[in-house]
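Each in structure tokens, the structures are laid out below.
Both complexes shown next keep subunit A, but they swap its partner, so subunit B is in the first and subunit C is in the second.
This part shows the complex of A and B:
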């Protein structure tokens, strides 16, 4: 029952990334990364670069493939788990220009191996110097090559990851190109500073020399890609919001006018950060103009936007039911086919919902399910039959994948509750609540500690409901977690999604609860329906996250007199960050409870592989 | 969006301005019938399928003639005539066969506002409410209200100011009473107060008479309570009163819902505290699964009465008194001139090119002069609206007044804060202050009136 791996030291890169400004110690040997990088990172970190800058050596080869004959011969592709787009996109242009830079130096190195290259390198980036001197120049080229062990990993990269990677590279190249042409004059002024700006300058000349044609062709590819996107009419789910081109295009498509907030958090620029008040007003005033959006979809979108419906399962069910309504009212236009026309309709609805609030991973899975169902309809089927079939499919999805799954999970989890247990829950999770109710029905004697956190304070509603059922509860806030953890014997957490490296993506705060519990040797049980599993890999909570209304954290509910932050938007150097989700590394999770059983976090890929396809049937 | 719009354009209340020839809906505000403001607002928001309900056959004919001449090709309007004195509720009862959408937006025809109706509809849909009312901040009476309109109209303008109780989130309506009906104290239901635990009572909000109703509920209420006359006085308070014990309504609500999904959405709100305390109640989805039979076991059924409070920057007024009539005329050419649809000149006034001004005649800012009007020499017009084809002599002063069409004004008249209806004849040197002159009236030369309503029958 304790499938936990070796506990990591505090220098765990994941922890470091969450903390972001923490100084970095030597990385743990137990890390499953190629050895090359373990030797490289300490010196880089020693120069106290921001952690986003650490990865470049890892990508050395990633962009190299088309450029360097040496590497191309190796036919090396980026390693899945270190997908740069996953890893380090906080400020993509800056970051990837750094990436490009290292690539370019790599190019130089490969061509003019020897002392000259070393010299140039030392000039270009002081961060790399110690490594080179340590390992010696001839070794360097060797170092560029991936260790053989990484090859099998390559196979593991999923399609979506590869695509994200590709896209990230493309944007980086476009950015670099723009930067390069602008600053090529100043290029010779190479400085030893770790400043990203100067690095941009530094990398400009070689790029011009040898990679411009490649970049051009790549760019063309990019255009084609966006054309395709436009056709699909859905903003790319992993759109980088710091890429102005993409944002402009998305704006043209969007139904809801969104004003970008003024005080954007720099680190999270790649995520949509909008003024929250304006969206609602705009949507309201357009109520009668949005003819393309079905009323049921509109109502659901509005509730998402205002937060009336929150929680993964509730949102998913509400969305599916709205789809049902819209399918009921759907009539195939003349000279069109249902299997062709309905998906475009649904795409429109989905993009509307995304504009109201970014979809959760579980909702994405549900949409995929629906989209797979539509083409499967036989063309001989009449329209009403096809609609009925889709409706029953959706019903079945809701019943089997969500409601029944929860019941099964509750039945599994109840076996882990013993008399006298003190169970801790953070936030409000429908599954966990059901587990408690189930345990109560079975007559188990236990106490519940509800840990809540601002600004949503969802725990209060849960507290009220549990008390109503006669369960004895303790209510506390996240600040007191280390105090209360002494008494706790089990921690139950819900999840928004479970990713295939075992990372649990859930309500912000869950990660810290899990970490504290781990420190206190309290088992952490994550309860998650299998439809929320996703094959994506995520290492931190920066790349993909959702930002809530920053006003929520400036306001204290019920305390109108606390208004120190009332006009925070006018303060130039203040940014409020209201993250919605965080990622809990798998090491802090003892067990994941799904309807297929209780599994260690390492077994998530099994579920994704074995039952992921099953979802679509 | 599955909404149907009903414009209630009835009412003969504003004596002496309203007559058989000019129903209230066609009273000119800045030389446009007041109804056109509502229709324009709706048209602008893409609501082109309307039902206009008018009291009385003759009025209906007049209104439909005007609509078909003005909005031909632009709007699809059905004009329905209902008998006089059936009230707003009665009017809806009379046309209930024509109502078939899921929700009905009922707009009063005398509303002049720029609040998007979509906002009301959106709030309605968002909470799945049975009724959503538009509230706006009560108009501050203009400076020219010194003893105007007289005591006669007092009784005729109830509900101008409302006493409204809201929950702390200002989304739900807990109590509503017309200000005129409240004597000293208001009675608030204990059950509601207990459920909400905190109630905010506002006197500075006005019910703008734009409601979104759930059709099934509205028809149920109308059918079960034959005596209900008015939406504002009877139906709305009833819905608000019974929101925590809606035995009658919930059946209707449920039968209307097609699918247990939305049903369940309502079931979630079994706890009144949940209903009222915070809109951000996480809808707990086990309840989704319960379905109709699950709701049967529930002890308390509720429905929601929502409000949408218009932003203070929005203009919103109802033409329900003579004072309001002058106020709206003033505002539409003044502060809220984006509503009027005219393009104002550099002097902030509108003078039709065909209007003829005599020498040394000045037309000040915030004035509208209709087409074909003739003005003599040395006249002065300030903050006034003058209709079409008026003939105004020399040395006439018009301040803060409304002059409708085809009015003849003799030399040396002085008109202050008055309303002069169509075809009135003012002979020389008439002095009017805060008066209303009925259509076709003739004021004899040299007479002076102050704060009076001049009508034919009074004269006789």
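This part shows the complex of A and C:
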């Protein structure tokens, strides 16, 4: 426990707050609408894949120029930390969940757009300024006004008073919202939701996103709709491959011919287990038949399939860039609308990509982001404008949620590295690598232990890159983890996704590393961008996972003498299981470092809830 | 004598070069070398046992030094020493005859575990001598001077005194050697049959539809699982491949060939799969007196994962793997770092191993330990050829096999 509470080496205590701020003063309408935003986003816009839930279009200001986060990241970013007290403030909750989300605003600002409007005079010279140039006041504006000043006041108001205030605000917003949604009922698909929306607004205050905290008050109203909505909040069930009907249907749709592998692992019937190696040839031969798939998507799909692109961020960026290409070449067919036709196109691409390799959770989030953006395009917008807007949205997503987020995380994490530290990493993670490089640039004295595991042996690539930068490394394999852990002082892990029960879903083996580190009382720091957070929960690594090519296990690279398994497929009782991911229980994790700050794993649901999945992206 | 020396030397070189793998093979070879050494050894007429013990200690010291990590060598040396002491005692007591028969007490039952039920008369003296064995009140009273004079190293002196008293001992010159060799033969027999004895217990531990996880490869585990299979149990086995040697591949192939449902998983997937496993069954390299296990690398990770999910962690170990020593810092002191070439190809990173520039020390270190230490609290059960035992009972089990005087196999002159 001690290591978590290490004194931070931040020089200026004032600049600690990046993530969550208690807003100054009670939130009111003027606050929650910063100058550039004229429409309020409907609070109903819960997360779901179904089009019914898509919020009515807003007046867009998203066509502004792409931001320049890179510049921002290079200047110094304040080091953030998690401040639990801020979560307890109900008005903060209000602010995050109901405050309209400025789509063109970087995530960095969302939380304080309201505050910023209040005190535009306090534009402290902070490194973030470039990010927010388009937006307005920089996020550090509240530096001079510590949240503490507002807190006592809040605590004085009673719970019922606060609730009354909230209700009042909500109804006010809903009214404004209803007007907005009527005005802009764009596509017929959205009409239903819009209607439902207005009806509901007339009857009762709309559902608050943060449903749990207001559940009681809503039950009082006997709002049937709320329950229904909440059900939709539950993540969509995934395809189960032991359901034969579903599999048959999927096969009919599929472009890629997939033969089920022969020695399937019984325990993983519910996951796709196909012969690897055959798909590539099949796909290549079908290149000219697959006219529905854009060539850029096709290329990316093939590279996913061959493992050419791997790593959560790299795959996500590649996919989004392919989407950009396809959107550039997209023309709305006659008698169709872009807002309706493009999503179906993209759905087709997505299912193609899924056939190449199952998407990671982070990629799912990115796709959701895109799907949320398309219906929001106003019908009045011309096609080229709409396309430009989408392209810039994707650019912004890549820059802010992935590239800039990585840099911010590195900045945060570097403060946890002290001179003389021995840092352990398992496998390869782009964020963690960046942290090491960042620490090296800052002149910290440290050593890296790279623990590698079969079959990917990604650690070797990382080892080469780190050695190239002159970082002293120790290389070993996963089984030696108990031996090497004696000398380690910090464990840094990347993550494929962080689930809302605090489970970290990541490269297989990370759970073992975290477990041994926990046993040796070495702090485990998980570095993960917030766009990888997901509402799902998972307890084990079996219910959902991805299976790699079993042949990778049979072959031991660099060891030709180990060839017992060359003919494994012909041995009847033998199966090879190549798990790709595993789930690390939250109690092994000391801290999760996101761009919002450093949080304990128990606070993951808070991030997911407060920032909401559509607000996150 | 020369051919014995060459035999010993050959064995020494093999040990030093790590040509012999596996504790069983090492144990067997050690016993065979010691047997031929004893049979060739010319003994003086007086103080035979002492001379023999000294000679065996001298050889044993060399053997242990040749590969200090292979604890089986030391174990066998200590067992042979113990055998010599027992045989010597039995001869002495037989000579003294009726005198010591009166001292025969209820300790007899304990002795039956010694595989020498015929020599029950020796038991009394042995019991009194062993510091680990609680002596009866009678023996305590009678042997008061003896048992106080027994601390660690100097007991053989006490024995020899008693022995020299027996006048007709010279007549039994051959008898001692013969008995010792006989007993060593028995020991070799034990080592080679321990698999079967352990495997016989398999059905008691494996039930229908069980899911078992194992790591790496061990002859004992293979036999154990196959024995259960032959008794018509159907169960599934997960085999972790066991980097860096990947012996799990061979094990899995063999198990599958014998009709077991076998699934190979990577070592990294152990934590993911352990929640669906009913029992972990592994082999060991050595079992220490505190119940800790020296096992192939990676085992501690598996044991921790098993503990997390409350999965029983069962260790199979032949008696030759039981080591009477208590470990201190075993992760380092009882470990061996293998060649980095098992992890990285030679030359793969040679461009990074540049001693010339920078501070003179290479940036890259490759760590490839051979063993892991599993602390006793992670082990649920030991299955040896004498049955199942708790880790906390190990110290007591050892008392049957080793004499407390031999724990330090060093000649007094050397120490």
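As a working rule, the second predicted complex is superposed on the first by the 373 of 617 C-alpha atoms of A that agree within 3 Å, B and C clash if a C-alpha of one lies under 4 Å from a C-alpha of the other, contacts with A are read in each partner's own complex, and residues count from 1 in each chain.
Going forward, a contact is a pair of C-beta atoms (placed from the backbone, for glycine too) under 8 Å apart; a residue touches a chain by one contact, two chains touch by 3 or more.
Predicted model only: the values in this text are computed from it and were never measured.
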**Combined model on subunit A: subunit C and subunit B, fit or clash** = fit
**Message:** I'd like to know which partner A:476 touches here: subunit B for first, subunit C for second, both or neither.
**Reply:** second
**Asked** Looking at the overlay, what does A:578 touch: subunit B (first), subunit C (second), both, or neither?
**Response** second
**Request:** Pick one for A:595: touches subunit B only (first), subunit C only (second), both, or neither.
**Result:** neither
**Request:** Using the touch criterion from the header, give the chain among subunit B and subunit C with more contacted residues in subunit A.
**Result:** C
**Request:** For A:314, decide between first (touching subunit B), second (touching subunit C), both and neither.
**Result:** first
**Prompt:** Just subunit B (first), just subunit C (second), both, or neither: which does A:243 touch?
**Reply:** neither
**Asked** If you stack the two complexes on chain A, which partner ends up touching A:519: first (subunit B), second (subunit C), both, or neither?
**Response** second
**Asked** Of the partners subunit B and subunit C, which touch A:549 in the superposed model: first, second, both, neither?
**Response** neither
**Prompt:** In the superposed arrangement, which partner chain does A:463 touch: subunit B (first), subunit C (second), both, or neither?
**Reply:** second
**Message:** Can you report the least C-alpha distance between subunit B and subunit C in the superposed arrangement, rounded to whole Å?
**Reply:** 9
**Shared contact residues on subunit A - subunit B and subunit C** = 464
**In the complex with subunit A, residue positions of subunit B that touch it** = 1-3, 45-47, 102, 116-119, 121-123, 125-128, 258-259, 261-262, 273-274, 279-286, 288-289
**Fill in**
In the complex, subunit A touches subunit B at residues 281, 283-291, 295, 298-299, 302-303, 306-311, 313-314, 317-318, 321, 324-325, 328, 398-399, 402-403, 406, 428, 430, 433-434, 456, 458, 461, 464-465
**Complete:** Given the complex, residues on subunit C that touch subunit A span 238, 241-244, 246, 249-250, 252-253, 255-257, 259-273, 275-276, 297-298, 300-301, 304-305, 308, 331, 335, 343-345, 348-349, 352, 358, 363-369, 372-373
**Prompt:** Which bits of subunit A are touching subunit C when the two form their complex?
**Reply:** 265, 267, 452-455, 460, 463-464, 467-468, 470-484, 486, 507-509, 511-512, 515-516, 519, 540-542, 545, 553-554, 556, 558-559, 562, 564-565, 568, 571-579, 582-583
